[in-house]
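Both of the next two complexes hold subunit A, though its partner changes from subunit B to subunit C.
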Partner chain A sequence: MNLLWTKHKSTVAASAPVIGLILLAVLYIVVMQGDITPYNLNIIVNQLMITAVISTGAIFIFSIGAFDISLGAATAVSAMAGVLAFNASESLLVMFLVCLLVGVLISLFNSILAALLNLPVFVTTIAMLSVLNSVIEMLLGGQSKLSISSEAAASADTLLVKLSILILFFVICLFIFRYTPIGRQNKFLSANPVSAKQTGLSRSKLTIIAFAIAGIGIGLAAFLTIVRAPVLSKTTASSVGMDVLIALVFGGMPLSGGARSKISAALVGATSVVLLNQVLLALGFSSGVNQIAKGVLFLVVVFVASIGFRDKLLPR
Partner chain B sequence: MTKHMLKRSMFLLLSLLLVAGVLAGCGGNSEAGEGSGGKKIKLGVLIYDATDSEVVAFKNYYEKYIAKNYNVEFTYSDTINTAEQEKAAIENFISQRIKGIISFSNQDRLASIAMCEEAQVYYAVGAGTLSDEQYEQVKDNKYYVGSIGPSLDNEEQVGYDMAKYYIGQGAKNFLLYTGGYPFVSMHKKRTDGMIKAFQEAGVTYAEGSNGNIGTFSGGGFTIDTMTGFPDDSGAFYGTAGQKLGASNLEVVITAALGVELFGTSISQTNPNLKLATVSSFTDAYKSAFNAEPPQADYLAGKFASSIGPIFAAVYNAVNGDIDSVRDNGQAFRLAQGYWTAIGKEQFNERFELSNNVETPAYSKKDLDTVIKATNGDTDFESFKQFVEAYTYEDIQKLHQ
Partner chain C sequence: MSTNVLFEAVDICKRFDATVALDRVSLTVRRGEIRGLIGENGSGKSTLSSIIAGIQKAGSGSMTLNGQSYEPVNMIDALDKGVGMVVQERGTVSGITVAENITLGENSKYSRWGTINKKALYNQAEQALQGIGVTHIKASDPTDSIDMQDRKLIEIAKIMSRHPEMIIVDETTTVLSQYGREVIYGLMKEMKAHNKSVIFISHDLDELMQVCDSLTVLRDGVFIRNLEKPEFNEDTIKQLMVGREMTGSYYRDDYDGSYGEEVVLSLADGSKGDRLKQVSLSLHKGEILGIGGLSHCGMHTLGKALFGFEKLDSGIVEVAGGRRIRSEREAMELGVGYVSKDRDVEALSLQSSIKDNIVIAGLDHIKRPPFLILSKDEKKYAARLIEQLSVKCASMEQSVQSLSGGNKQKVVFAKWIGRGSDILILDCPTRGVDIGVKQAMYQLIYQLKSEGKSIIIISEELSELIGMSDRLLIMKDGRITGEFARSPQLSESDVISYMI
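The block that comes next holds the complex of A and B.
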């Protein structure tokens, strides 16, 4: 029994997020008593989209053992820049490009600043969070809201557009993470920084690349944020940072990064969180209880996910 | 099994038990759908702040009175701060098969109404109104029930009345807090009312640039202004403390939050100031009016059961009787202003009636008169009269 457990516990831990997702999907079907309409599925897709896109890009940051606390604020700034661009040009394409550009620039600035000052990226993202919040105030220009017309946003607010963005971005990230040196080097860098350095890997270079990819995710999410709800305010995307963290943990991503990092954590995690929310709501739980249940399940997931490597010499 | 494994298994088991305990004991109400009058009608309520005392008072009325007296079950959103959160909350309501939504959130109402139409869910504005432009766009939407709340005219009148009252009392030195002026329409209207009252008293008002608040001069008055909201920097409270400490300042009139923003500063810097504001008859204001010396002197406030008529309208709609609250076939837009209380005694009288969940201002007997299922004769005109008779004196007459 003990031998069998030792042999398979890594597999169990690695599969736990997917098993959890399947269980949640089954539970959702049960609690909805099979009465699931296309509208319900649309709701699930809509609610997971933004978190999934940002999480997919953020995997590159987390996989090097870094952490970006300013993801939400960066998304809000990119979205507001996009709205201002749309209002000046009346072009969705311009809005899309501005969102993307600002997202990448903010993210690059974070990483380059960290490289120049030789500071942990986490530290610069804390500073950037404060700066970006001020930028949000400036972009609002004293108003409480910035918006584009619902009609303008509606043309891009289709499942086809949104799913295309998510799938395309995910496939590209999957390819980079699994089949190019960037992904492998990222994992290696976090798993064993000393060896990585001795083999000639540049932490600064990898960090900048990771943040650039995450920046694309931020830009895409900013565009999706506008399309989903074209009225932006000071608190737009303020919960994104925490949503991404929860999604990644639910998806089985080790927060310390390293060899066990997996790109699928973004999709699996974001979908799991939305399904869990829908299950709890369908059961009729109040939002407060909903949050408590999520918190406890969060701990359980982290615990289960860590079973496979707790006894090993290197804690990653 | 090793000792480590045993410990982990115990942790896992305990965690799962904790989740199960939470789920079982703290609010699961999936069985609450079956009431004595058949399956309960599920209504969703969009709220802007779950901890706000006004929202708490509204929830108390719905939970402790309406849900006990009608065959309905209320579900509430989380705190809504963004249009995205508002959209997600409506999606969740729709997913839960909710029949009607009463909204106290105002992030993107047109988008909310469009979503409700698509999902065939009734939507009503619980405390507020739509602009003329917005109303034109949705008045024929058969899933948009209507709005009840202070109209922009009501808002202007409130500002005017507050300023007029203190001018009549002989006050000469004022601080006007204008909140989100000129971007928040209700704050702008209230401020416009104040300006009008001062102009009538001989004050010259010079408009500010880009629509910002201007300056006052003449008439023997000293009128300072303050705009904006608190932020993380703390600058707001620094400015407030400085302005409240000005010598000879007598009255603070606010177009936005009052005690919430200025109560503590007034106590600390100038306890004899009189504060006039627009808010609700909540516990926070009860404490302020009953403090020694009082932190608030004048309140134009919403009362907890002011949201009774909008419930009646939505209840009619979900029961298939929306025609009884249709204004010539269109969604209604009815004005319901504030109760006014000046001084502790008046406040306490109104507070008592506002927050009584045993015999609220709008009781079942009152609401039944405008619900088609209980009064077949009701129509839009009677509903309109019912809503517009909202003053404290009107409500007292209902109870006589």
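The block that comes next holds the complex of A and C.
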């Protein structure tokens, strides 16, 4: 039995995120007593889109062993810039492009600053979080809300548009991660930065590329945020950063990056987080208990995902 | 069981997934004995010693120490029970001081009301260092500022300060200079004199035959034979280790020493702090250039500087055609490869697979224009090199950390050979590598020379340098102090005075 466990625990650990997702899906069906309506599904899809899009881009950041604490604030600023652009131009396309541009610029600024100052990028994202929170205040301009009319957003508020954005972005990221040198180089960089440098990999270059891709995710998520709820306030996207972190861990993404980094973690994890939210809501938990439950599950998943790699010492 | 027996392991088995690392291996160590454990890379000697030292658990089997059941749960527990181990690779913790490393696991002894009594901590560490005859390392120094050899000495001091009944020395001498070796040999003799025991693992057969009272030979995870000192015979031991008769020359057997006229890599007036002082050298096409000296002579810094990994304070590194090397990336683009001395820390990503480690250096060769990387191309590329270098592994997806030292080194070679590097800088290329793999590597190096590649071998083993080099440079205190052409008359005594 012991031998069998030893032999298969890596496989079990690697499959844990998918097993967790299936269990959550089954649990959701059970607590909903099979009464899953199009309305319920719509809620799930809407929640899923934003977390999944940002998580997909953030995979590149995590895979180099970096971390961005300002994802939520960057999404909020990009969305507000998009709203202001729409109000000035009355064009959804302009709003979309401004969201993208601002998302990418914020992300690039983080990474280029880190490269120039030779600082860990995490440090610049902490500073950026503070700056972005001030920018949110400035963009609100003393008002409590920024908005566009729901009619204006309605043409983009369709399942087809939202799914297309997610699928297209995910497929492009999947291609970059799996079929270009970037994914492999990112994983190697975080697995051993010294060896990576000695193999000619540039940390600065890979960091800037990772943040640029994550910035596109932020911009897309900002657009989806406006489309989903066209009224923005100080609390817009405030929980996104934490949701993305939990999603990536639920999806089996190691927080330190490395060889086990995988892009599928974004979709698996984001879906798990959304299903978990729905299960907890259906069980009637308050938002406080909801947060505690997510925290506990977060630890359980990290533990299960790591057991396969705990005691592999160095036989020779 | 005889009362003279200090330690006994019976029928130890250990598996790593599909790989059988140890198959019912037994080992007896008597009091006052220095027992050598010998075998090719992957024979299971380090797995066995790590089980004895509490680093990992056996799958089955039993162990006794002083006649009592012995089942250490970790290294600290093993040390508390009287067994310490100096590991092959890095055995100190980064980010803390020398004193904290030496007293690791004993912090409670020096803490009061949540604060650490640093004076007592440093005193204890100084005493531990002095106990093994080391006075040049300060207890308050950060461990990261200390080189590999001194870190090993810190590790030894840590273990010896606990007065173990038995120590395991796992291929430690390969990273030590003569001074470090003298320290460890002295300690082993002292252990023996005090009726304590030592398990000594080394690939240096001469060293083992000189130091050990007995030898246990392992091959492919299986016990082969015990040999007592009167039975020691180099050829017999080699044959027992590899399971066949070793044929052909160990090093190259020609004394031609010729190479092309074209200079393919040069350094002009290279200086770096007090480690390199206005060093100039040229490497020619088809040349094997040896660089030797004591560990701190600057040769390792020189190797890194030639590859662009270490920035020079002054001086120019350039390849044929005058193109300069200022970074690793430039060096790689200009066909230069570098095998680091510090394999586990600098050359490999241990958690990554064999395939990933090999492929990462060759992505620009594998990719289909403009940037497409296909899994089948990667696998083909890695499989070819695994085959070419005979890397012993269950699969190319196996993580590098599960490989033996020699096979890890083959993976590092594969990285650079796969790229078709025309110039190879090999820093201690056979460190921690068994004689079978060593011979294969020497043959490979010579074959590369025959193909017109140019090779720099940096090594602390003079026999290796004399045996392989067309031309040998000796360094001392950051300067080149001697140059020797290949010759059958050249001996270690000819060059040693230029090193010391």
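Everything that follows uses one rule, which is that the second predicted complex is superposed on the first by the 312 of 316 C-alpha atoms of A that agree within 3 Å, B and C clash if a C-alpha of one lies under 4 Å from a C-alpha of the other, contacts with A are read in each partner's own complex, and residues count from 1 in each chain.
In the analysis below, a residue touches a chain if its C-beta (ideal position, glycine included) is under 8 Å from a C-beta of that chain, and two chains touch if they have at least 3 such contacts.
Since we're looking at a predicted model, the values are computed, not measured.
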{"item": "Overlay on subunit A: subunit C relative to subunit B, clash or fit", "value": "fit"}
{"item": "Subunit B versus subunit C as contact partner of A:S238, first or second or both or neither", "value": "first"}
{"item": "Which partner reaches more residues of subunit A (counting touched residues only), subunit B or subunit C", "value": "B"}
{"item": "Touched partner set for A:Y179, first subunit B, second subunit C, both or neither", "value": "second"}
{"item": "Touching partner for A:E90 - first (subunit B), second (subunit C), both, neither", "value": "neither"}
{"item": "Partner chain(s) touched by A:T199 [first = subunit B, second = subunit C, both, neither]", "value": "second"}
{"item": "Partner chain in contact with A:K187 - subunit B first, subunit C second, else both or neither", "value": "second"}
{"item": "For subunit A as apex, the angle formed with subunit B and subunit C - C-alpha centres, to the nearest 10 degrees", "value": "140"}
{"item": "Minimum C-alpha spacing, chains overlaid - subunit B and subunit C, in Å", "value": "8"}
{"item": "Interface residues of subunit A shared between complexes with subunit B and subunit C", "value": "311"}
{"item": "Subunit C-facing residues of subunit A, complex", "value": "3, 6-7, 10, 179-181, 184-185, 187-188, 191-192, 194-202, 258-260, 309, 311-316"}
{"item": "Touching residues (chain side subunit A, partner subunit B) in the complex", "value": "1-2, 5, 39-40, 43, 46-47, 50, 133, 137, 142-144, 147, 150, 225, 228-233, 235-238, 277-278, 280-289, 292-293, 296-297, 299-300, 303-304, 307, 311"}
{"item": "Subunit A-touching residues of subunit C, taken from the complex the two chains share", "value": "14-17, 21, 41-42, 44-47, 50, 55-56, 59, 88-89, 307, 309, 327-329, 331-333, 338, 340, 345-353, 356, 359-361, 363-364, 367, 371-374, 399, 401-405, 415"}
{"item": "Of subunit B, residues touching subunit A in the complex", "value": "1-2, 4-5, 8, 11-12, 15-16, 18-19, 22-23, 26-30, 32-33, 50, 75-78, 81-84, 86-88, 91-92, 94-96, 107-108, 110-111, 114, 119, 180, 183-184, 228, 231-232"}
